[in-house]
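Below you'll find a set of structures to go through.
Each of the next two complexes has chain A plus one more chain, namely chain B in the first and chain C in the second.
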Partner chain A sequence: MDQLGIMLAVLGAALAAGFSGSGSAIGVGIAGESGAGIMTEDPGKFGLVLLLQALPGTQGIYGLLTAFFAILKVGLLGGAVVSVNVWQGLGVLFACLPIAIAGYYSAIAQGKTSAASIQMIAKRPEETGKAVILPAMVETYAVLALLMSIILLNSIQI
Partner chain B sequence: MAVTKVKKVRIVSHHDSLDTTIAALQGLGCCEIIPPDGESRPEGGLGSTTPERIKPGRSSELETCISDCRFLLRFLEPLYAEKGGTLERLLGPKPPVTLTELASLRARTDLPALSSKARNLERSISEMRSETGQIANQLHLLEPIKELGLPLWVITRGTEKVMGVMGSIPTGRKASLAEHFSSVVNGEGELFLSSSTAKETEAMAVLIFPRVFEQEVMESAAKAGFSRIDCPPVLEEKPAKEIERLAKRRGELAEEIASAEDEASRMATEVVPVVRNLSDYLAVLAARNEAGDSGVSSEKVSVLWFWIPAGKIKDVEKALEPCKGLVDIYSEDPSPEDNPPILLENPRWAIPFSPLTKLYGMPSYSGIDPTVLMAPFFFLFFGMCLGDGGYGLVLGAFLLYALLRYRLSGDTKNFFVLLLLGSISTVLVGALTGSWLGDMIDVFGIFAPIKSLKDSLVLIKPMDDPITFLAIALGLGVVQILFGILIAFWDAFRKGDMMGAFADQGGWLALLVGFLLWGASSLGVGGGATLFSGKALAAVGALTLVATQGRDKPGVIRKVVSGVLSLYNVTSYLGDVLSYSRLLALGLATSAIAMIGNTLTILVSGIPYVGWVLAFLIFFGGHLFSVVVNVLGSFIHSLRLQYVEFFSKFYSAGGRAFNPLRVATKFTRITGQGVEGPGL
Partner chain C sequence: MADPADYGYAVSRLRAMENRLLDQGVYQRLLDSEDLPSALKVMSETAYGKWFLEQQNENTFEPAIESELKHVYTETEQFVPDPCLYRIFRLPYDIHNIKVLLKGIFKQKQGGQRRLDLLTSLGNIPVDDLVMAIESEDYRLMPFGFHRTVPESVSIWEQTHDILQVERILDQALFSLQIKMADEVAFEGVKLFARSRVDTENIRNVARLKRMGFDSSQAAPFLHNGGSVPVEKIQSLINEPYEGWERILSFADVSRTLSGAQDHADLDSLIVDLEKSIDDFLSWVLAKYKYSPFAPENVLHYLWMKETEAKNVRVLLIGIGNGAERTVLRRLLRNV
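Right, the complex of A and B next:
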């Protein structure tokens, strides 16, 4: 049954990296489409647009981070081999869910906000500071989910 | 930490001294023009004479020169090779020049001639480009029918009796077209079909036939799917010959374009530096003109109004000393209806943080400047979010290099210094949490000698003990939020709004501190006294809020209901405090991403032969990526904590930034007489 425990943890890691990565891909894509539209008018905005496009990408990193934590926890990344029972494996799986779910949805929402912010800097480049803060408001919830995932992973005794 | 007091200043100048006066004020760079239609502008004191230009005609000539400069720069700058690269120009020091040099440069330069030469060059290049485009289209059209043995004038003009049409036909319907055509013309016409490969869906067809059949031929051809394409009338000869001619012309055009572009590049090298200097000079003159135009003139004098910081009035008086007798200065305090511009005045250490305040919006004239209040928090939060000593050093080294290499000024410099301060804070936090490029010192053998040094500095390891670090983060949040309420309390008190101070802010302060004491005693901190004082404070706070928060509502019941409902706001304070947990999450994320980089480096280093190359790439690439992503995240999130959680407690923007008449140049630094002043 040890194998099942480890596989559950692997499933958790896969969900964390897979879903938040997908969300980020969609979010960055939405922002990128908007950015490309702006740059047909003014290619000089590349730097700003890239900055705003990159913002919904952090969820993917958070997911990857959680996934690494999860497989590190069950000893798949080198180090001593640990035995993981089914309950511990399930625990790791559940602990990965906050960032998998919130990462997916928040990245898409943040992508839309970034796209709107990109439209904003097209007309008012002097307001870049405000344009960057709006998508960051959305990211808060991904940060909170990441925090919860890490705390949960940390609290599972293996 | 304050908004600078400004005065409304009236300067009356004789026309003879007006130019000198305005030039002197521009050199000082501390006087903002109050425009003629501005609300803050009092009656001119000379009746309502309409403003007139000081020297008619001068402005419109200046406008033309400025637009010439703009055109020249737009056309030539992309072709100009910057000395030392674009970054050098953007960040590097601007070359110093004097106004006298610029004036003689302007006298020497025939701007209209340069501009018309450049315009001709631009026009001819664009015409040649468009001709090249047309030729490409014609070649594309002729290519499929190059084997046609008839001259093209048969199609474009035809003769009295015979005409031709060309067009496209779906490949599969060639046979059908041939059939239709031969049945209509009965051997009197000629059909040319271009050969096509299996992949092509369209072929070209040329139909030559007696003019009398025009209608029938066209109708039957259309049925076969033929769609007519107009042959450009310039094409006369046989297609093969035309193709040869067009290809030759295309080659010639390419050469001509290249030579015209060469000429433009040469012109750019020669002209761009001159035009840049001129454009700065003209901008200086235009600003002076605008200032002069803002005045109200009588026969002998002009009256100008300015906003001037109170402390700078002495400088203005001194600068106008040479015009004594011709100039009169009178200043008064702004009245409550005025909307004076905002100039932030901060101690030296807090100046790098002022761009953050500007980014949010300037405070109102009677408001608080939050720069100093926010600076320590931002410093600490940035460090906690980035939280890795190694990354702090990398960021710091980069910024230090940029600051030393390029002589930055203004808000760009402030911003770089701000991040440099942030990197210092990051190194401190990194040292205390033992994170140097993640766990680099622990996992790579070569760092073993300094491991004990690193460990001796460590106070807390967030990776092993996230809960303690979380408590620290939330604790900082409580401190900043209570501090924000205190500022609001003081602000209301200062303005004499006792109800606002004691009821609104005081009530919340008592309630929140009471809850905190209560909670502390339940965790075993303090004793019964703490518990009692906590409960008492909370009760006092809650009662104050219930009693006062509905005070604007009519009727006792609605007052009480609004008062009780206001207590619900406690959830927003709770949410605000929890928001500070990002300090832990982002700090952990930085260390963890760095750790992943190190782990992967070690994993791939075991691969035979190429392992060390991969390890090298992953180590440097991974950490570089991590620095960039995390610096961005740390900046945005520590800024957000200031804007959303802290500013919302006491700060309202809405001021207008001070925008003085000054020597605003883009490309040069103007030095010398008449423009050097203490500045701002």
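Right, the complex of A and C next:
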């Protein structure tokens, strides 16, 4: 049964990293397409475009961070493997879900907002500050999900 | 039909290309120009400049405008996923070329001369191919169903010698094709735009026919199907005073083109303003899509803005060349 507990915890870690990473890849891709469109006409906007394209990439990092915490919790990352029963394993799996789900959807949403912001700076480069704030608002919810995942992971007694 | 998500690159690039459109400052400088050479000098400092430099005759501007539009169409074709979106805009030029060539042939048969200088390179079909197909009467390879429309037009002319009937057939073919293409891509705004163009063309025709003294039954063949407003409704306008047209069509968006119709002294004055109102209405139809970063309709919006800009440049340069009042010219400028 210990094995099943461990496997559930690993599944949680995989979901956190996998979903958040996938969302980030899609989001960065969407923003990148827009960025390429702008830079074809105005290569001088590379710096601003790169900043906005990178924003949806943070969810992938949050997912990776959560995955590290999860596997650290069950002792798979250095040190001795601890005994994890099914309920503890399930707890780790559920703790990983907030960042897995919110990370995936918020990264895509942020990618779309970044794409719109990139189009905004194409016409109004003087409004770059506002253009960065709009996609950054979406980031809030990924950060909240990350916080919740970490709090939940910390609250599981193993 | 491409997915709207595929338009991220295209829309962004078009947004950047919008920066090359002429702004109010350029229009103001053109209006402040004393004569045509000084207006052309202003134009040479804009995106049109490179085409003006290539011109041999310093006082002409049409080849430069055509070159700029062609450059934009060629550029757009390279990255827009659905070819229908730019073909819709180039179709009127194909029809124009067909009309020029057919009229040339008809004139030649009556001892007149052809005017190949009126052909434009802005159509979908290369001019040389079109000339070859029509002059050799080998219509088989003509695209967009023209292999049927052109021989039908020739046959009608041979039977009736009525050039208006030929024009009517070609115009009907144009609008049917535009609506068919819009239905193929199935984007809401593209369909709306194609139907709005039919509506505005019908209103323009009704106004002109009323001025020419046509009655409702005579006007019917000049109206095109496929618009948002039924042809019968637009046909009925001809029996009504133009001051009431806006009220009669108030259920449809296209009534915006007639706002203020009652303020005009006569139909002539309304017809002059109608051209601007129609262009502004079509801009309005597409303008709502510019707030969506992935809407394919942004392609139409950009191409329409470019076409409208070209119209503004023509109005200003022709007006300045003829010494027109600057206040009149300002009134004729479309919103870009």
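As a working rule, the second predicted complex is superposed on the first by the 158 of 158 C-alpha atoms of A that agree within 3 Å, B and C clash if a C-alpha of one lies under 4 Å from a C-alpha of the other, contacts with A are read in each partner's own complex, and residues count from 1 in each chain.
Please note the rule applied: a contact is a pair of C-beta atoms (placed from the backbone, for glycine too) under 8 Å apart; a residue touches a chain by one contact, two chains touch by 3 or more.
Just so you know, these numbers come straight off a predicted model, no measurement behind them.
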Touched partner set for A:Leu50, first chain B, second chain C, both or neither: neither
First (chain B), second (chain C), both or neither touched by A:Leu4: neither
Which superposed partner A:Ile38 touches (first chain B, second chain C, both, neither): second
First, second, both or neither for A:Leu146, with chain B first and chain C second: first
More chain A residues in contact [chain B versus chain C]: B
Overlap of the chain B and chain C footprints on chain A, listed as residue numbers: none
Chain A partner contacts - residues on chain B that touch it in the complex: 359-360, 466-467, 470, 578-579, 581-582, 584-586, 588-589, 592-593, 596, 599, 602-603, 629, 632-633, 636-637, 639-640, 643-644
Residues on chain C engaged by chain A in the complex (per definition of touch): 5, 8-19, 79, 293-294
Residues of chain A defined as touching chain B within the complex: 51, 54-55, 57-58, 61-62, 64-65, 68-69, 72, 77-78, 129-130, 132-133, 136-137, 139-140, 143-144, 146-147, 150-151, 154
Touch list for chain A against partner chain C, complex: 30, 33-38, 40-42, 112, 115-116, 118-119, 122-123
